[in-house]
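Have a look at these structures, which come just after this line.
Two complexes are shown next, each including chain A; its partner changes from chain B in the first to chain C in the second.
Up next, the complex of A and B:
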C-alpha cells in the first residue's frame, strides 16, 4: 500500500520535472525558430509593414523582387557561383575523402589538417588572405577568383559528409573487384561511387548551401559587378533596409527548409545521432 | 600495388588546390603582418596595435562577447539537447528538424529578422507596448543586447549537437538504478546526467567560443559602435584605411588565439575520453 503511494509521488515528481523540461525546451525551440520563420509573414505584409500579423496579405514584395534587375542579377550570380563551386569541390573532394579513409600514406596528418583548415581558421582571416593574394594576382572582384575561393572553403564541409559515407562501406567489395582484375578507376567509379550516392547528394547539398549563403569571403572578393545575394543583403540591411529583403529572406527560409527535409530523408541516422 | 603512395593519387588534387588557395594566402597574411610597404621585415604593425586603444578595447570586447554568448547558448541549448535525448528515435528525428532548420538558415535572414523584431518600433516593443498598455521603446538593437541575442540564437544548434551526442551515450541502466535507489529528478540530473554530459558541454562551449571570436556579420548588423569585434576591425583596416599591414597583424593575432583555444580543446577532449568515460 505504502509502496504504491510512494510510487505515485515519484511519478508526479517525474511528471513535474518532465513538464518543466519540456516547457524550457519549447521556449528555446521558439527562440531559435522565430527569426527564421517570421520573415514569411513579414514578406506577405507588403511595403515593409512592421505589424504582426500583417493587416493586408499581398505578394507585392515578391513582384518587386522579381522585377528588380539588381536583386535578380545577384541571385543568379549566387546560383552560378554555388553550382560551379559544388561541382568543383566534388571533383577534388570526393577522391580526397576516399583516399583519406582508405589509405595510410606519408604526410596524411598534414593533408588532413590542410583540407580541414577552412573550418578551423576564422573566416575573416581566410577572407583577408584571399583578398591580399587575389589583389596581387589582379583577379580580385572576378567571378573566377570567388569560385576558386569558395571551392577551397566548402571542400571540408563536403568531405565530412562523404568521409562518413566511405567509412560505412565494406572494403571487401573493392578488394574483390580488384582481385577480379578491375583497374583502380573501374573500382572507384563502378564500385565505390554508386554505393556512396546518398552521401554524395548530402555533401553536394551542403556544399551548395554553404557557398550560396557565404557572405564574408564574398564581401571581400566581389566587385559591384559580381555581387552575390548575401553581399547584397548585407549591404542592404546595413544601409537602406529595402522592404524587398523580406521577400528574399522568406525565399531563403523556404530553401533551407527544403534542403533540411531532403538531408533528413536521405540520412535517417545522421539526423538523430550525430551533428550534420 | 604500391599502397604507400596510392593514397596520394586520391588526395593529391585537393591537397594541391588547398595549398594554393588556402595555405599560400594564409602565409601571405603572416608575411604582410611582418613587412613594411616596401617589403622590409618589421614588427611595426604589432607595436602600433599594442599601443592602440581601439585595438585593446576591441580585443576585450571580442573576448567578453564570445564567452558570454557561448555560455548563454549553453544554458539555452542544454534543455533542447535534454528534451531530444528523452525522445524515441523516431520522434527525435522529427524534433531535430526544429533545430536543423535554423541551423541551415542564412545568418543574413536571421540578422534581418532581428532588426525587424528588436527595433525601437519593432515587433517585440510593439508586443510589450500592447501588454503594458503604454508605449514601450526599449533599446534592443545596435547595442550589446542585440549582438548577444543574435549570436546566442545562432550558436544554440552548435551546442545542441555535441551535448546530445554525450547525453545519448549515457548508459540508460544508470537512470533505472538511481530511480530504484530513490533518487529524485534534480539529484539524478546533477549527479548523473550533467556530469556525464560534460565532454559534450566542453566541446560545445569551446567550439562556440572559437566560432564567436571570428564573428563578423552579427556585430556589424546588430551591434553599435561599442560592439566592434576583431573581424570588423580587420574589415575596417582592409577596406576603409587600406592599411593591409595592420589588418594582417590583427588577423595573425586572431588566428593565434583561436589556435591556442583549439589546442586546449583537443587536450581536454583527450583527457575527457580516457577509458571509463563512455565515448
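Up next, the complex of A and C:
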C-alpha cells in the first residue's frame, strides 16, 4: 500500500522503498532461477564430473548425448508420447471446454470438479491407480498405455487454459453466425476456434511440456523399451550419475524457455483481439 | 387472448406469446403483428420486454406459451439458423479474425455461394453502406460507426426477409447516431425489407419507424404510428415516455370539460371514452401552449392561465419555459427560440393559452 500511495510523490522515502522492493524481487527471482540456469554452464563442462564453475568449456557432453542410442531413444520416445498426448488432449479438451462454458446441464458442477481432480489428487496416487488399472488391462509398459494415462493427466491443464479463452469470447458472435444460417459445427470451426488460437497454442505448449517433463506416472508405467527422457534421467542420477544429464537438463530448460517465449509472444495479440 | 389475424400482409405474428422465468414474467401474453415491409420499433425502458420480443423472433429465447408465425409459417420450434433472418447487434458482433470482405462474405459462404456471386454481392453491400475500399481492414482497425456499417452490410448481403436490429446505434455518439439513422431509414426504403428495431431512444423510434410498439413492464403499452403515439397516447405512461408533456390529474365533468384538482376547468377535445366523474389525466404538449399577448381575449384558445416564469432552458432552436401557477402546478411551454424572448426573465409573469383541440384526456395510470 505505502508503495502505491507514495508513487505520485517523488521523495527519498519512496525511492528507498522502491529500491528495497526491487532488490527483494531480484533476490527472489535469482533464488528461483539459479538452480534452473546453473545446469547450462555445467553442461558445457567436460566429461567425468558435474561441477560448477566448469574447469573447461566444451560441447563434449552434447556430443556424447547425441551419439548415445539409449539417450536418443528415450528422447524420441518422450517426443512421441508428448506429441500424441498433446493431440489427444486437444481433441478431447477443446470441445469439452467449449461445452462446459457455453451450455448448462444437470451435474455440470460435478463434472467440473471431476475434471480438476487430477490436479488435486497427488500424482503418486494417480500413478499407483493407473498402474493397477492398466495392469489389469495388460497395457503397462506400452506406449499406448502411457499416452492414455498422460492424456487423462494433461486434459485438465489443457481445459483450464481453453476454458479461460472461451469465457472471454462474446457469445453474440456465435449467435450472429447462427442466425446467418451457420450450423453448430460451422460456428465451432469458423467462429470459435479461430478466436481461440492464442489459448489453443498456450494450451498445446503447456500440455506438451507437462507430458514431456512428467516423471512419476511414466516411472510406474514404462518398461525398458518405452522409457521416456525424465525416467531415463532419474534412473541415470540414481545409478550411474552420468554428466550427460547436465546436457539433457540444459536442453530441457532451453525448450521450456522457448515455449514460454512463444506463448508470451502470442498473448498480447490475444489482448488486442478481444479489445472493443 | 384473441389471436391476431393471419393474413398475407403479416410478416411476423405473435399469437398469445409469453415468456417467464419461474415466477418472473419477462413478457405477458402478447399479440402483435408486423406487416410485410414495415419498419417497427420496439421502444421502452430497460426490462420492459422489448429485447425479449426480439429474442423470441430471433429464436434465441423459446417462448413459454403461444405461437410465432413468420411469413405465415409457425416457427415456434424452428431453430434460429433456419428462420432466414438477419440481425444487427449493438456491439457489432463482427468476427475479429476476418477482414471486412470476409466478414460480409461469411453468410454467403455458409450458403455455398460461388466466388463470383460472393464478390458481386459483397461489393454491392459495401457500396450501399459506403465502405468501398475498406475490404482489407480488420474490424479492430475501424471506428464504431464503420464497424456497424459492416454489421449492416453483412446483414443485407444475403437479403433476409426480416432484419432485426438490437439497439444498433446504442454504442455510438449522438452525431454519428443521427447520420446512421438516416442511412438505415434510406436502406429500409430501398430494400423494402421488414425491419424490427429495438431502441430505448424515443427520438430514434419516432424518426425511423412506420409504427412504434411501446413496451412497459413486459406488456405492450401502445402500438401505433409515431404521430398516434405522440398526439393520441393511450395512457399516462405513453404520454410521459414519448415526448415532453404537461400532465394534470382531473375529473371528467361533461363531454367537453375536465376539472383539474383545484377547481380549474379545462376545455378538452373530447371525453368520449370516459364516464362523467371518472378520474383522468389531461395532456397538453408544451409546444402547443402559446404565450398570450397582453389584452388577448380570442375565443379560439379557451384554456388560459397566468403564472410566473420559474425556469428558462434554451436548447438551440427551441426555448422551454416552466411557468409556476399561483394555485400550484407547473406548465411547460416550448416555442421556437426568438430574440424577443430575451426580455423574458425568471420571475416575470406570463399569460398562457392553448386550444381545447390540443387538450387531450387520457387514462390515469392508477385510478
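The rule is short, and it goes like this: the second predicted complex is superposed on the first by the 251 of 276 C-alpha atoms of A that agree within 3 Å, B and C clash if a C-alpha of one lies under 4 Å from a C-alpha of the other, contacts with A are read in each partner's own complex, and residues count from 1 in each chain.
In this text, a residue touches a chain if its C-beta (ideal position, glycine included) is under 8 Å from a C-beta of that chain, and two chains touch if they have at least 3 such contacts.
Owing to the predicted nature of the structure, the values given are computational and were not obtained by experimental measurement.
**Student:** Return first, second, both or neither, reflecting whether A:72 touches chain B, chain C, both chains, or no partner chain.
**Tutor:** Touch status of A:72: no partner.
**Student:** Quick check for you: in the superposed arrangement, does A:173 touch first (chain B), second (chain C), both or neither?
**Tutor:** It touches chain C, and chain B stays clear.
**Student:** Given the touch rule stated above, what does A:39 touch, chain B (first), chain C (second), both, or neither?
**Tutor:** After superposition on chain A, A:39 lies in contact with chain B alone.
**Student:** In the superposed model, which partner reaches more residues of chain A, chain B or chain C?
**Tutor:** If we count touched residues of chain A for both partners, the winner is B.
**Student:** Let me test your reading of the model: by the given contact rule, A:254 touches which partner, first (chain B), second (chain C), both or neither?
**Tutor:** neither
**Student:** For A:181, decide between first (touching chain B), second (touching chain C), both and neither.
**Tutor:** A:181 sits against chain C, while chain B stays out of touch.
**Student:** Look at A:144 in the shared chain and tell me whether it touches chain B only, chain C only, both, or neither; answer first, second, both or neither.
**Tutor:** In the superposition, A:144 contacts neither chain B nor chain C.
**Student:** Could you say whether A:194 touches chain B, chain C, both of them, or neither, answering first, second, both or neither?
**Tutor:** Once the two structures are laid over each other on A, A:194 reaches chain C alone.
**Student:** Common interface residues of chain A with chain B and chain C?
**Tutor:** 178, 272-276
**Student:** Across the complex, what residues on chain C touch chain A?
**Tutor:** That would be residues 58-60, 79-87, 89, 91, 93-98, 106-107, 110-111, 140, 154, 158 of chain C.
**Student:** Touching residues of chain B toward chain A in the complex: what are they?
**Tutor:** Contacts found on chain B: 1, 3-11, 13-15, 17-19, 21-26, 28-29, 32, 76-77, 79-80, 82-83, 86, 89, 92-93, 95-117, 119, 121-123, 126, 153, 156-157, 161-162, 165, 168, 179, 184-186, 213-214, 216-217, 220-221, 230-231, 234-235, 238-239, 244, 247-248, 251-252, 254-255, 258, 262.
**Student:** Touching chain B in the complex: which residues of chain A?
**Tutor:** 10, 13-14, 17-18, 21-22, 24-25, 28-29, 31-36, 38-39, 42, 50-52, 91-93, 95-96, 98-100, 102-108, 111, 114-115, 117-118, 120-126, 128-133, 136, 148-149, 151-152, 155, 178, 184, 209, 213, 215-216, 219-220, 230, 233-234, 237-238, 241, 245-246, 249, 252-253, 256-257, 259-261, 263-264, 268, 271-276
**Student:** For the complex, give me every residue of chain A touching chain C.
**Tutor:** Listed in rising order, the residues of chain A that touch chain C are 170, 172-173, 175-183, 186, 190-191, 194-195, 197, 272-276.
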